[in-house]
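Down below are the structures I want you to see.
One chain, subunit A, appears in both complexes that follow, with subunit B as partner in the first and subunit C in the second.
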Partner chain A sequence: MLRDTTSKVVLFGGIAIILLGAIMPNWIVNQLMFGFSRALAILGLLVLWRTGLVSFGHAFYFGLGAYTVAIVDIQLGVTDVFVRLFGGAIIAGIAGFIIGFIMRNYRDIFFAMLNTAISMVLYGIIVKTESLGSTDGFAISLPTIFGIAPETKYPLFIIITMIAMISALLINFYLKTTVGRLTTPIRDNEIRVEYLGFSVAHAIHLKYTISAVLAGGAGALMAMSLGQVDPDSMINWTVSGELVFITILSGPGNVIAPFIGSLVFEVLRTYAFELAPQAWQLIVGATFLTVIFFLPGGIWSLIAKLGRKKS
Partner chain B sequence: MLIVDALDVDINGTPILRDIGLEIKTGEIIGLIGRNGAGKTTFLRSVMGLLPINSGKIDFDDHALHSLPGHRRAHLRIGYMPEDRRLVPEMTAEENILLPVWSTNIDGYEDRLNWIYKIIPECEKFRTMAANSLSGGQQKLVALGRALMVGHKLLLLDEPTEGIAPVLAQRMGEILASLKKEGVSIIIAESNDAHVANVIDRTYVIERGSIVSN
Partner chain C sequence: MTKSIIAGAVGLAAISAITFGAGVAQAKDSITIAVPSFLTGGAAGPFGIPAMNGAKMVADAINKGALPAPYNTKGFGGAVASIIELDEGGGGTKQVAEYRNLVEKRNVDAVVGYISSGNCQALAPVVEELKQFTIFATCGTPRIFEEAPRKYLFRTMGHATADNVAAAMYVKEKFPNLSSYTGINQNYAWGQDSWRDFDLTMKQIMPGATASDKFQFPKVFVGQYGSEISALSLDKAELVHSSFWGGDLESFIFQSSARGLFKNKIGVMTVGGTAAYRLGKKLPNGLIIGARGPYGILVKDRDTPLNKWFIETYKNIYGIYPSGPAYQYGQAILAAKIAYDKAGSDATDEQLADALRGITFESFSTTIEMSLGGGHQAVTENGYGVTKYDDENGENVVTDVKFYPGSCVMPPEGVESVQWINGGMKGAKC
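After this line comes the complex of A and B, so read on.
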């Protein structure tokens, strides 16, 4: 499972980042936490994208994960980082599994927009419900780790990086298994997969559930990193759009791509905002167009090209 | 073993197959001969569950195929070779042949693979080559190998000798003749029976979606 180059890079790269985190300034640690949290959701979208499916509504699962953290914190007083994280991922996973029965029958624009519709239903419910925080959302208490309340954000950073590493390794492994390797054949020709004895509906259902679990985990980690949840930055359709944006920016080539893409996005957004607080979207949009025109395979295609030249 | 009765199939509202009746016994090789557009591919796809049928019955041994989802065919040991091969380009020839093994968990697939290599030695020759580096004819042989991997009981071959070099077409005829000795039931759809006439036990002629003679 850990023999290929990608796994080694994930493993050693992750450990190096954890160690470097101890001496890096706070703002970089924060950027990495946001980037890696969001990257988990991108990893799920990558699995779907390889099958030719794009969801414009995964903020539904992202938000579900984030709001699970808020609700278990406020209603039940749960502060443990792992209970919150797995709670968010499991709730999103169950929702994804149930909704997957519908989604697995749709493709293309119908798949994309049906997901948007479902996410906007949740958005609407939360915005209109006072007890769910309405448009203001909730502040979340600092997470504890096995009962210990850390004084800095560094321990949370270590956990986020480790979860990111484990998820990348598992997805890398999954993409090499039989069902995983069928992602591209399904995209190219569904009928072929059927007469070879695989059920396309089952394969897509599994991928959809995996992407929901990852997006839920991402939302939970993001909520804990930010210390707050609100519908506009967690569930609104713009969040789904952002996730798709980063997926295209990253490229589907490798499980490491989402992590690089997410970090590039965090940095890009931070600097764009600093440079033009009123028109930062203009800079992000221009970057998006540049990537689509010149790097249709995303940032990863650039890295893959460099790698090929070296060898 | 396979009995098709009063099969009607529409595609987007246009009737393509009308009242098709066909029967194949164990170990029999039948030809489904008809011009382009007669409905041969539609018929094979309907049996494979890749197209919804309007009415009629497709029974295979004790199973009502018409009420089973498409992917169950491979589990019932029915192999299908589509006209346009449809190999997974980035996988090797051998991986392509083994694809249905992963889905159906066939016991003792190694023996089956060696048997396929014995009948189609060409497949063994390019087992490690990527499917997209093979010629059209070579890909057809690999597609046949893949269909044989699950097709223990029944094989549906869509124009196996069409569009490939005459030498390979003749080779395909020889391979089918050797399969005849193995007792697999086969339906061969062809526009003419030039290369397969000597292996076919019976012929159904299909014209404009109906069987006109057998």
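After this line comes the complex of A and C, so read on.
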């Protein structure tokens, strides 16, 4: 499982980043936490994208994970980082599994828009319900780790980085299994896949559930690293769009791509916001267009090209 | 084969490149103040931009020592302040992330601003976590200082309770025989608190008037109120209460005047002041408007040197009269100067907080007592007036302006707003 180059890079890169985190200033640690948290959701979208499916509604699972953290914190007083994380991922996974029965029958724009519709239902419910925080959302208390409340953000950063590493390794492994390889074949010719003896519906259902679990975990980690959830930053269609944007920015080439793409996005947004407080959206949008025009394979294609030249 | 390794190396190089770009040393003869306000979206034009203008104008005057006495000393404790403009749009979660960047990456000395109650609600715990001297300029939810004691966080204007208690008192004086009322408020902290406080106060002081059960709660920043206006028109209630502000307020006024909503209903707009200068003749006559305190159009005739300076300077620079947000941001910057003057320009966040806690100071249009929330929440008077278009000068004016002292419309220290109103507003000195 750990023999290929990608796994080694994930492993050593992850450990290096954890060690570097100890000496980096707080704000970079923050950016890494936000970037890696969001990258988990991108990892799930990458699996779907390779299959030819683009979801414009994965903020549903992202938000579900985030709001699970908020609600178990406020209603039950749960502060443990792992209970919150797995709670968020499992709730999102269950929802993804159930909704998957519907989604696996749709492709293309219908798949994309049906996901948006479902996410906007959740958005509408939360916005209209004062007890769910309406548009204000909730503040989330700092997470504890096995009952210990850490003084700094560093322990949470280590956990997020390790979860990111483990997820990347698992998805990398999954994409090499027979079921996992059923991505491009499904995109290219579903009937042929069926004749080969595989159920396309089952394969898509599994991928969809995996992406839901990852998005739920991403939402949970994001909520804990930010300390705040609100529907506009967690569930609105703009968040789904942002996730798709980062997926395209990253490129589908490799499981490392989402992490690089997320970090680039996080840094891009921070600096755009700093340089042009009145027009920062313009900078983000222009970057998006540039990537689509000149780097259709995302940032990863650039890195892959560099790699080919050197070797 | 090696492409993944190179990929990893590129990633790490990118991260370390960011590391070296960080950290700028602070000189003691200059400070940086971050001023967040709405610079994009519907709230920018009517609210965010005037607020930012007010802040910049006052900071600039302080840097030059051009404010009237007693604030005519140069600088913030002698230091020249540079203002970092920041967009407040994007929701509470985004603002939390940006606030962390401000403090940990850009190392600002003070943060002064914020308009949205949702943002303030989200930021309050983060301010305390990061121990950063911060003044909320405008946001109104009373929950900020009622939910938890704060050490580094201040608010230099009254909260939503004052606006809505004063509104109810004004309504009682003008329309003692009112039989029913309804409301349209945005569905978030600000709108919910505003309606709750207005409704509860009306129940206390005008028990004869009943609340409609068809009050409206549209989402904030929607801008389209067709169905809500239909519902309000069909409602039998005689009065409509609204805490709409910024772009939402103007959209609502346009859409409801087109359908004549305020021809047969009384309108009470607690943040209506900002629309008075901008809408001109399109603002219906006879609306009861407030400015969230003694600001903007309500104090246009107040003849103190500070107020005259503020109005004249603002009109000279920006070509229009200053509305409420300009005053509110201006006085928050002034509060920062007072804290720096007392504590010194190299003061720590603790020393700055100690300097501002519990003081009373003269602001541009009113006296501000930092007397609630352990000396962190301001108390000021609050007022209302009725709109009237002045044909001769071609501008809106307010008539029948009445102010209520702060001790009359805000709860005493240690009592939560809702409890205070429900308990019959004990201890109110009117």
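Operating definition for what follows: the second predicted complex is superposed on the first by the 311 of 311 C-alpha atoms of A that agree within 3 Å, B and C clash if a C-alpha of one lies under 4 Å from a C-alpha of the other, contacts with A are read in each partner's own complex, and residues count from 1 in each chain.
In the analysis below, contacts are C-beta pairs under 8 Å (C-beta built on N, C-alpha and C of every residue); 3 or more make two chains touch, one makes a residue touch a chain.
Since we're looking at a predicted model, the values are computed, not measured.
S.K.: Once the structures are superposed on A, label A:Ile17 by its partner contacts, choosing first (subunit B), second (subunit C), both or neither.
M.R.: second
S.K.: Contact-wise, after the overlay, does A:Gly307 reach subunit B, subunit C, both or neither (first, second, both, neither)?
M.R.: second
S.K.: After lining up the shared chain so the two structures overlap, which partner does A:Glu151 touch, if you call subunit B first and subunit C second: first, second, both or neither?
M.R.: neither
S.K.: Give the label of whichever partner, subunit B or subunit C, reaches more residues of subunit A.
M.R.: Subunit A has more residues touched by C than by the other partner.
S.K.: Determine, under the contact definition given at the top, whether A:Trp27 touches first (subunit B), second (subunit C), both, or neither.
M.R.: second
S.K.: Give one of first, second, both or neither to describe whether A:Asn254 is in contact with subunit B, with subunit C, with both, or with none.
M.R.: Only subunit C; A:Asn254 stays clear of subunit B.
S.K.: Touching subunit B in one complex and subunit C in the other: list those residues of subunit A.
M.R.: In subunit A, no position sits in both the subunit B and subunit C interfaces.
S.K.: Would you mind writing out the residues of subunit B in touch with subunit A in their complex?
M.R.: Residue positions touching the partner: 48-50, 69-71, 73-75, 80, 82, 86, 88, 90-91, 99-100, 102-104, 146, 150.
S.K.: Of all residues in subunit A, which touch subunit B in the complex?
M.R.: Of all residues in subunit A, those touching subunit B are 178, 181, 184-185, 188-189, 191-200.
S.K.: Touching subunit C in the complex: which residues of subunit A?
M.R.: 5-6, 8-9, 12-13, 16-17, 20, 24-28, 30-32, 34, 127-128, 130, 134-137, 139, 142, 226-230, 232-234, 254, 256, 259-260, 263-264, 267, 270, 273-274, 277-281, 300, 303-304, 306-308, 310-311
S.K.: Taking the touch rule as given, give the residues of subunit C at its contact with subunit A in the complex, in rising order.
M.R.: That would be residues 1-8, 10-12, 14-16, 18-19, 22-23, 39-40, 85-87, 90-94, 96-98, 100-101, 104-106, 117-118, 121-122, 124-126, 129, 187-189, 192, 217, 219-220 of subunit C.
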